[in-house]
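One chain, chain A, links the two complexes that follow: it is found with chain B in the first and with chain C in the second.
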Partner chain A sequence: MSTPYQIVVCGSIVPDPLQTLEPVAGPAGPALKNEMMLPAVLDPWAWHALFEAAHLAKGAPGSKVWLVSIAPKAKLQQVMMTVAQKAPFELVAVDGPSSGFTEAAEAAAILADAIKAIPGLDMKKLLVFGGWESASRGAGATMQIIGERLGITDQFQGVDKLTVAADGSLEILERIEGGKHQVSKCAGAPAVLGWATGNLPDPPNNPQTGMMNMRTIMPALQRAKPAKLAAEGVKFVSVTQPSQRRGTKIVKDTSPDEIAKEIVSWITGE
Partner chain B sequence: MPSCFAGLEKEIGLKRLLESGPERRLHLRPPRMTTTVPCDNAFSMTAPNTEPQQPAVERQRMDVDIVCVGFGPANAGFLTTLARQLNNPDGTPRFESAVAPGMPTRVICYERADDIGFGVSGVVTRARAIRATFPDFKPDQVPMCAPVKDEKVLYLLDPIGASRRSATLRFGDAVIRALKWMLPVEREALDLPCIPPFLSKHNGLLFSLGQFNQWVGQQLMAGGAVQVWPSTPVAEPIIENESVAGVRLLDQGADKRGEPVAGFMPGMDIRAALTVVGDGPVGGVGSQLDHHFGLPPGNHARDWAVGMKMVVNLREDCELKPGMVYHTFGYPEPEIFGFLYVYPDRVASLGIFVPSWFDSPVRTSYRYLQHWILHPYLWRHLEGATLRSWGAKTLQESGRRGEPWLAGNGYARIGEGSGSTNVLTGSGVDEAWQTGVLLAEGVVELLKEKKPFTRENLEAAYVKRRRANWVDVENCIAEKSRDGFQRGVVTGLIGMFLAGISKGKLAAPGKPLRPHERLPRLEDYYRGKIPAGEIAKIRAECAAKGTSAHAALMERAGWPAIPYDGKLLVSQQDALLMGGKVRAPAGYADHVVFLYPHLCEQCGTKLCIEVCSGQAITPSPGGSVPAFDREKCIHCGACLWNCAQPLPGSPDRTNIEFRAGTGGLHSAEN
Partner chain C sequence: METILVLAHTETDGSLAKPALEALAAAKSLGGTLVAGLVGDNVQTAANCIAGWGAAKFLAVTGADFAHPRYATDAAAAEAIAKAAGATVIVAPATSRWNRVLSGVAHRLGGRADTHVTAIAAAGGAISVNRWYYRQRMEAVIQRAQRPWVIALDPGCVPAWQGDAGTAAVENVAVTLADAQKRTAVTGLKAPAADQQTIRPDAAMLLVAGAGWTKKQADGQTHVPDAEKLILGFLKLTQASLGGSKSLVDLGGEGQAVLSFMTHLHQIGQTGSTPRHQKGLSTCCHGEEPHTVGWRFVNERRAISLDPNCGWARGKANVLYVADAFAVMAKVNELLAPKKA
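What follows is the complex of A and B.
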């Protein structure tokens, strides 16, 4: 008999990956130019974690998925219209910035408090999912600090696969250096899993799932309380846009080896 | 003679209403969903590229009260107006859902693009309807919005000598140049001393429709009365017993031809008492309704344009002020109109319209846009600017003459695809919005009276409202205003002027033609400029490289090469990536389909390749049917009406079918 889980996915929104970003100095520190005008998506790392959570919940009857998110309410609402058709979940929204210029410990504290406030939360069933990394924040520390604040000691980062054994124990594939995976096992929930990309494809849009999710999404957005994420005590020494070089070339009938050689020579400037 | 006066039109409108039933039956076409050969049954040729046979799959079904197709200005106006009426002042539902008794009315809108702000265009508008809906609207509520402060109409002379100008125009140009000491001529442009009142957008607004859509959508969704779902293309209407019973969503987990692959999920059937079709001029659902029910007698949509635009950051010392609007004509070809308007923070929106009556078999929007940017009058402002967004869309330029049946059993048409664009004033967004408002008012009336959404009831509640509204009254004035362009630019301009000052009582005559009736062969178009043998050689070389031929042909005909600066003047592929940010999610069928391969084989112009805004249609290696790359398509729909091959048995249709599809532009600034 499968174990029902309470799976909480932590995930914020980031600008659509195809947008051109420009850091600017704002009154409250660094910010993205025209951030509120940029279309947004759910952070791709959290996106995978959400699909893994939905997949796990589907195979464990009685399970439930929450998505806990700190983001500007209006933008989060718009992103939900794309995400909500993908997987069943209940939203827990916190109104705050999502520019990436936040401090991991502050964000983790707010997320942990939001998780603790979920009614009927049972630590014995709790799995906290999130992105190992973020498309806008590269510290990689947020999930770990959330786990510490929730008192969860079984933590796994860079997860690509989770398998639930018949006895309810969890087998987890974590990415380690050298392109290898480390296999870990733990007795079961509670655990924190910071997902890499996982193995699941994007699920198709399901309008019925969307309709069902909307029953809780809009009230959650209306309830969303403002979060103080001022990055106090943090000093941003410099913020720059990564330099980029562009080159477009159309090739046909070229072998992968030749393409690889050409890319290497282009990168190295030879 | 004018086409219609207000009073006469009312009479015609009523006559249409009275006669619409039997006439509709005369215009029936087999629906795409139930036929494999998309032409008259009398034509027996097989069509290998039509839809694959639909496997007998079990489809999920969801019932709602009202389903809307497309979240453009029309459905935004419809949903905004309707949502305000669905609840009582105390917040309780005003109407009960027929499909979920005890629950509020279920209203859902499906949008094809990946977000509600994607794939739309900018606008300069009088904003009468939008301001009526939002009486307290302030431009600073929406990013990239500004009041119109100043307008200029500019006639651009040809500084290069490469454009194709008639003798009349050449004479006019010579006179302007000779008298430039006494005329307002500056940098090869004549600043017209006054703007005809029908063209003026005085006291209007200019804004990014992408940003405006986001603003409206956020308010709608926060209200909770209606739902808008992006990234959800609608494949087709569900037609039963000549009534529309809802829509079918696009299959997911399919290959290019629509065949099921891993993760196949058949498109769900969304059943609704009312289907509101506002999917634009090339929308899949609207097109299929047109094919099935035909257009009212005498109506046809043969005039089109592709509008291509850029949003740019102007250089620091640029003198253009927010609210400045330029309308241009005369260059790079006399038939091409241009626009430039300036938002706050040194951001500008600029672009051109390439109309279907510009009889060039190499009418490329992108290349012409670059030449337009480089015109000396504009380049002084644009030099040093940086591209931040780019896109294109088809405009239905037939206006009221392209109007389909506005209502039928279970459905209503609104917006540009319903013929609402005013072709005299060059205004479409505000008109589209107003048609949505009018439908919403009619729907509320029917809900109050508990009347079903039958053709008769919708005609009484919606069509009658529309006929009496300024949208229709002004469109009657505009109906023949552009006919003169069929005979040339000068005749067209005179016709517009006459129609404008006479309120539609006068217009220059002209008969809109289908593409195959008017497009010259390349050899004829370039006669006297490029020998036929050289044209063949250039085309063969370009085909071997898998590229379109317009750049090589234009340069051979005298157009200079574009001096790429990597910022504003970039290759078309770079514009896709830097400005359009184009994407196409996997798992969906191709939405551009060449129906009969043999027609492509015998096509001499291959205009679909030349005109493609994203270079998504290219010569096929080793074949005559062009190749289509969905990952480059920006869904402008230009291929649909630029195809020079008529569909056998349906000459108003072409050999290209433009179906519902996902992806496209990922910029919300257009």
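What follows is the complex of A and C.
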């Protein structure tokens, strides 16, 4: 018999990766130019984590997935319109900044409290999922600190695969250096998994799932409490964009032979 | 004055890898009291190799329980060493092993961690670190009030420490493990066979393949087997590392024609990796401008694309060849083959 899990996915929103970003100095430290105007998406690696969670829950009847997110509530609502159609989950929302310039440790404290407040939380069934890094802060710190705050010391980062064995143990593949995976066996929940890309393609939109999710998403957004999230103790001396554009030499109307010769001499330095 | 601890783990052969030596060099440049902290099955050989580094103390947590990367035991070891050292600043190489635990360790110590740091400097009594935000799209220099301050330095950012070996007096720091810390066991590694491994972080050259390799060509057909042969041939001849665009590595999941050796581990860019190589050649990529962060840490860049407006090239590459990559790469391989022989 499969074990039912309580899978909590932590993920915020980030500017759509296709947007050009520019840092500006705000009253509370660095920010992005027109931050509130930029279209947002669910943080890509948390997005993968959510699909993996839904997939795992589907295979273990009685399981449930939560998505816990600190983000400006109006923007989160927009992003939920898309995300809600992808997988069944219950949203736990905290109204706060989603800026990359805030502290992972502060975000982790808020998220851990939000997880602890989930009614009926059972540590023996708990798997805390998230992205191994965010596309904003890119630190890979938040999930570890959430784990510490929840007392979970079976933690995995850069996860590409999770398999549950018949005895309930978890086999986990984590990315390590040089295009390899480390394989670990963990006795079972509770565990923290920071996902890399995983194995699953983006699920198709399912309007029915969307409708079901929205029933709990809207009240969750209304309930979302404001949270203070900054970067206490950090002094940003500077935030700059690498501005140097390269003067690209364009070679066209040249034969493949000529081009190949030039490339080979560049590669070999001859 | 800061007490600066360098935390390093040994490799399976008991040595210290290059990123650890880079962390030693970076820490030494800061001034302050230096302490070396080592974790591994047996660390004496490693400690002896860095005997001349200038450590006031060598602290270690050793034993079979600490041989493999595992959160519970690595975190316990790092925490114990940091406490024994009375460290205010902890510099560690940002290896997958340390990246997994250091932020958790900073939390236990009541401090803070900064990861993926690309430079560390001390001036006027203050330490500053550089790190990138929004997936390598902007770089910040930051200072911190909190201590201990854990700094994970990305590999390849500073020259490795070089110095005299000797005999180091290593003090063991005792860590008693509970059963709960051994619920996870590392059972092995999974990797393609050595001659099939196309991700080579130490290579001088990066070849980036885009989805164009799998698209219909001028004759209205796809030529995936030819593309595979050309790419693998080039990698074999140059020992370059292979990277792929998101579109290309995603094709597999979408059931389309794929290059059989391409996995998500190859993906570079905003939601992939940003590897460090001296030279980079992108082929059949289009990629909108923000995704060219895959190039961020590649010094000399060239691109081959049929599209003269390729986002990987305009303003990003030093040279763009507007040409058919199939024809060019076939010729490149032909010219390289005798050189290799």
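In this text, the second predicted complex is superposed on the first by the 241 of 270 C-alpha atoms of A that agree within 3 Å, B and C clash if a C-alpha of one lies under 4 Å from a C-alpha of the other, contacts with A are read in each partner's own complex, and residues count from 1 in each chain.
Just so it is clear, a residue touches a chain if its C-beta (ideal position, glycine included) is under 8 Å from a C-beta of that chain, and two chains touch if they have at least 3 such contacts.
Only a predicted model underlies this, so the values are computations on that prediction, with no experimental measurement involved.
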| item | value |
| --- | --- |
| Partner chain(s) touched by A:201 [first = chain B, second = chain C, both, neither] | both |
| Partner chain in contact with A:166 - chain B first, chain C second, else both or neither | neither |
| Chain A residues touched - chain C or chain B, whichever exceeds | C |
| First (chain B), second (chain C), both or neither touched by A:155 | second |
| Partner chain in contact with A:20 - chain B first, chain C second, else both or neither | both |
| First (chain B), second (chain C), both or neither touched by A:254 | second |
| Touching partner for A:268 - first (chain B), second (chain C), both, neither | second |
| Which of chain B and chain C A:39 touches, first, second, both or neither | first |
| Set intersection of chain A contacts, chain C complex versus chain B complex | 18-20, 201, 246, 248, 250, 252 |
| Chain A-touching residues of chain B, taken from the complex the two chains share | 60, 62, 108, 114-118, 143-144, 211, 214, 217-218, 221-222, 224, 227-232, 249, 252-253, 263, 265, 268, 270, 388, 546, 571, 573-574, 577-578, 581, 583, 585, 587, 621, 666-669 |
| Touch list for chain C against partner chain A, complex | 69-72, 75, 95-97, 99-104, 106-108, 112-116, 128, 132-146, 180-181, 183-192, 197-201, 205, 238, 250, 253-254, 263-267, 270-271, 279, 281, 288-291, 296, 300-302, 304, 308, 313-324, 327-332, 334-336, 339 |
| Chain A to chain B touching residues, read off their complex | 16, 18-20, 34, 36-39, 74, 77-78, 81-82, 85, 201-202, 204-208, 210-211, 214, 218, 221, 246, 248, 250, 252 |
| Contacting residues of chain A [partner chain C, same complex] | 14-15, 17-21, 23, 30, 32, 44-45, 100-101, 103-105, 108, 135-142, 144-145, 147-149, 153-158, 160, 171, 173-188, 196-197, 199-201, 233-242, 245-246, 248-252, 254, 256-257, 259-261, 263-264, 266-268 |
